[in-house]
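One chain, chain A, appears in both complexes that follow, with chain B as partner in the first and chain C in the second.
Showing the complex of A and B:
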């Protein structure tokens, strides 16, 4: 019985963190599918989303649901600003992916250290929310994990519906096939990218709040998002179902490694998993074959 | 006076590391977020050799650089063989850098996170200048050799380069090994200048400083990154800016350079008399050459 209990608890924790990874991985994948580069600045958007949510909770005493909405809005607008200022000029010049990556790296450094300089390196913790726990088959499962899993599932289902049914969603999918042709056929690429970055940012906001509640809020929490990036790559970057599958796989595997092997090895394990998987499947589980455009 | 000499010495050392990353990023077009780890390997190997085994300084530094090269091949072979996209490679090498730090912090012989004090000071300004001159000469020869031309071809257009019969894997691997060698030399010199090393010196912050130097100095230039590396050491010392503001400014600078002048300080050019003469009538081709 004890064995099963530990197993079940590990599984649910893994699924919950996997759901949050998936939320973040979706942001990487969406941007990648259209602009064909890895947006390394996504991590700081998530980190700032966590700060936005924290301040909404503590300064304005908003309930967590409103604070999350606020974090989504804030992070979404931040992501749009990031695109307009750091990527749009490169896009108009059709620069190589290396330049986009350097620019993203710059945005990431700028924002992260801006937080250091202004707010400081303090750790903040959210007010206590979702404190309770459920008991399933004698296994104690944190309410937070359940909520995180449900919210992630709802958000990602919503996005899938949007991409498949809505006119704008179809335009986004068209642009991910070929941005130039989509533009020529009358899609306003500038507006479309604002929408894409807003969605990526809003998802980053939700993920940031969950990470903040679960762990804490601090300037280098963007480091966790590297693992979301790994999740996106494992699933096949650019593919939405891939991001979800990659996130869930990584979350569950990490959770089991942490429980049954060692917590210290967890992160090294994720990176090794990435390298090994890419050697076998260079485009990830569900990715299309990717040639770097030049 | 001693203080000024110290800053210049550090500039030379950072310049050597920047030369290495210039070969890999500036000339081969690959992005790395973990080159500080190679500096760390070079620094620790060289320091341990002089500290425990009493190996002569020069041999220790070269051994450190070779160790960095070997380790770079260990990470480079699987990742480059898998033809990882350059951004996947960047994240893989970043994870590798983290792993190196964790290992350095947990080994007995490196004395963990507390660091290794009491290294003899062998590096001074003449030594650093001489090393910079030798390494710059080596880098120039590398770039002008057929290996260098292949690297440039890979940067400009990997598909076309492969069609011309250039082996992408071998070219990138050679660049990585060469750049790790440079980083290792810089690490060895640094250890014997500061007389104290600690794993935390060789993390993301150092990697990003190197990238900032290469990008600001100019893609496709050797002298540009050395100049930029020196400027990035000297100016904060002059202004006494807090470390954090320095990183804020680096970040902003990377964006501004990519947006307004992707060629950097002297992209695709070397510091020479001809370049200085042509400074006045610079054409716009440079800035639009994306």
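Showing the complex of A and C:
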């Protein structure tokens, strides 16, 4: 009985962590599917999303739902600005993806250090919301995790519907096949990319608020997205269902390694998993192409 | 026109060099003390308060005429509580600023990184809060001649925590979670385990995680199954705040017990209600009447809650000033001798500050048990060493 309880608890914890990984991985995959580069600035957009949400909760005393909406909007606009300032000039010069990636790293370092200089290195915690936990067969799951899982599921389903049904969504999928041809056929690529980055940013905003509420808010919190990036690669970067599956797999594997092997060795396992998987399936579980994967 | 520019340039150069020269000569009129401190980064809450405490001590000393008739000049260098940054900061203090002594490097692992540099330069260093025994005496038992500390050490702290858990909380089953990436955490966990077992208690579970971890639910879930009375968390305030919340979420009912690293007031906000009823071992009690008065007098300088590092840095400066006055010179070796011979010196946190010359650790440092109640630090009791 005790063994089963531990197993169930481990599984639930893994799913909860995996849900947040999935939410972050979607942002990576979305941008990769169109521009074919790894947007390493996604982590700081998540971090700033967490700060936006925090300030809306504490300075303006907004409820968490409005603060999350605000964080989505703020992070979305920030992501658009990031694209316009850091990637568009490269795009117009038809630079290779490597330069986009380096530009992303630059933007990431710049924003992180801006937070250090302006806000400082202090830790902040959100007001206590969704406190408490539910019991499922003696295993506990935090109320916040339940909310996070539900919101992640709704957001990802919504995005999938948008990409498959809406006109703009279809244009995005067309551009992800071939941006040049889509452009030649009358899709406004500039506008389309703004929409893509806004969506990625809004997802980062949700992820940031959840991370902030679950853990805390501080300038280097964006580093956790390394895990989300691995999740995206496991699932096949560029593929949305892949990002979700990759996130959940990574969360569950980490949780089981931490419980049954050792917490200290957990990251060794996550990274080994990535290496082995890429040796067997070089494009990830649901990857669409092999070219320009970084 | 060109000649005019040349003339101005020459004038500026002359003025500049004159200023430089006067700067150099005034250097010998002051005594430069370095402060290697985490002004930014994760430990900045401690570092900023420590720096303010030290500045207050220096101002008071200067008002009374300074040391050896010279004014004290404080030079700060940011360590970010990071070993690499610290090596650079300490090197700058001894090589460029030519300080006569250094106060600071609050973290044990980081202080050890600074040790070779101060030893080579023969500049004494007084660490404020590094509690690991190997900071002043290395693993082979050799005394680090130039390194001192004002705080107690971890074997003592671990013993206090174990005795408190066993005798006062009546705990018989203890669980521990610690950070394998931190010397402080790893050793304090071990000292607690040894002492608790010696007293007759059982350590039912011991789990490790790696620095930077945010989610402790996997190790905590394992510890929950052992049903401990006490969960010992020798962690930083950030990790501890996360861990107590996640432990309560998983339904762990044990009393939480922490080390001196919990003594940063921001833990109260970060940890929230999950911290209620927890205890930790502190280096100084902010409720002590003498300390309370000092804090009230200087509150406006801090612009926020006063962290115990401020008190220890203040003590370190009084100790250093006393030693240099007795040594009658700023020669490193002579200062070391005087520091070693300190006995019954009245400082802020104790009336009789004495040093063990064999270990460079203070003697008779009391430990203070602090309880977290109604979202505040409350003095619980004072533990005298046996």
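Observations on the structure shown:
By definition in this document, the second predicted complex is superposed on the first by the 292 of 294 C-alpha atoms of A that agree within 3 Å, B and C clash if a C-alpha of one lies under 4 Å from a C-alpha of the other, contacts with A are read in each partner's own complex, and residues count from 1 in each chain.
To be clear about the criterion, a residue touches a chain if its C-beta (ideal position, glycine included) is under 8 Å from a C-beta of that chain, and two chains touch if they have at least 3 such contacts.
Being a predicted model, the structure only gives us computed values, none of them experimental.
Contacts of A:59 after superposition on the shared chain: neither chain B nor chain C is touched.
When both complexes are overlaid on chain A, the residue A:142 reaches chain C alone and has no touch with chain B. Of the two partner chains, chain C is the only one touched by A:122; chain B is not. Once the two complexes are overlaid on the shared chain, A:92 sits clear of chain B and of chain C alike. In the superposition on chain A, A:133 makes contact with chain C only, not with chain B. Within the superposed three-chain arrangement, the count of touched residues of chain A is higher for B, of the candidates chain B and chain C. Shared-chain residue A:255: touches chain C; no touch with chain B. In the superposition on chain A, contact of A:233 is made with chain B only, not with chain C. By the touch criterion defined above, A:215 reaches chain C but does not reach chain B.
Once the two complexes are laid over each other on the shared chain, residue contacts for A:267 go to chain B and to chain C alike.
Annotation: chain A residues 116, 264, 267 touch chain B in one complex and chain C in the other. Put simply, chain A touches chain B in their complex at residues 37-38, 85-86, 89-90, 93-103, 105-114, 116-117, 226, 229-230, 233, 264, 267-268, 270-271, 274-275, 278-279, 282, 290-292, 294. Here chain B touches chain A in the complex through residues 25, 29, 31, 33, 78-79, 81-88, 90-92, 94-96, 98-99, 102, 156-160, 208, 211, 215, 242, 244-245, 247-248, 250-255, 257-260, 262, 288, 290, going by the rule given at the top. For chain A in complex with chain C, the touching residues are 2, 5-6, 9-10, 13, 17, 116, 120-123, 125, 128, 131-133, 140, 142, 211, 214-216, 218, 223-224, 254-255, 258-259, 262-264, 266-267.
The part of chain C that touches chain A in the complex is made up of residues 40-42, 44-45, 180, 207-210, 212-219, 221-222, 225, 238, 241-242, 249-251, 266, 269-270, 272-273.
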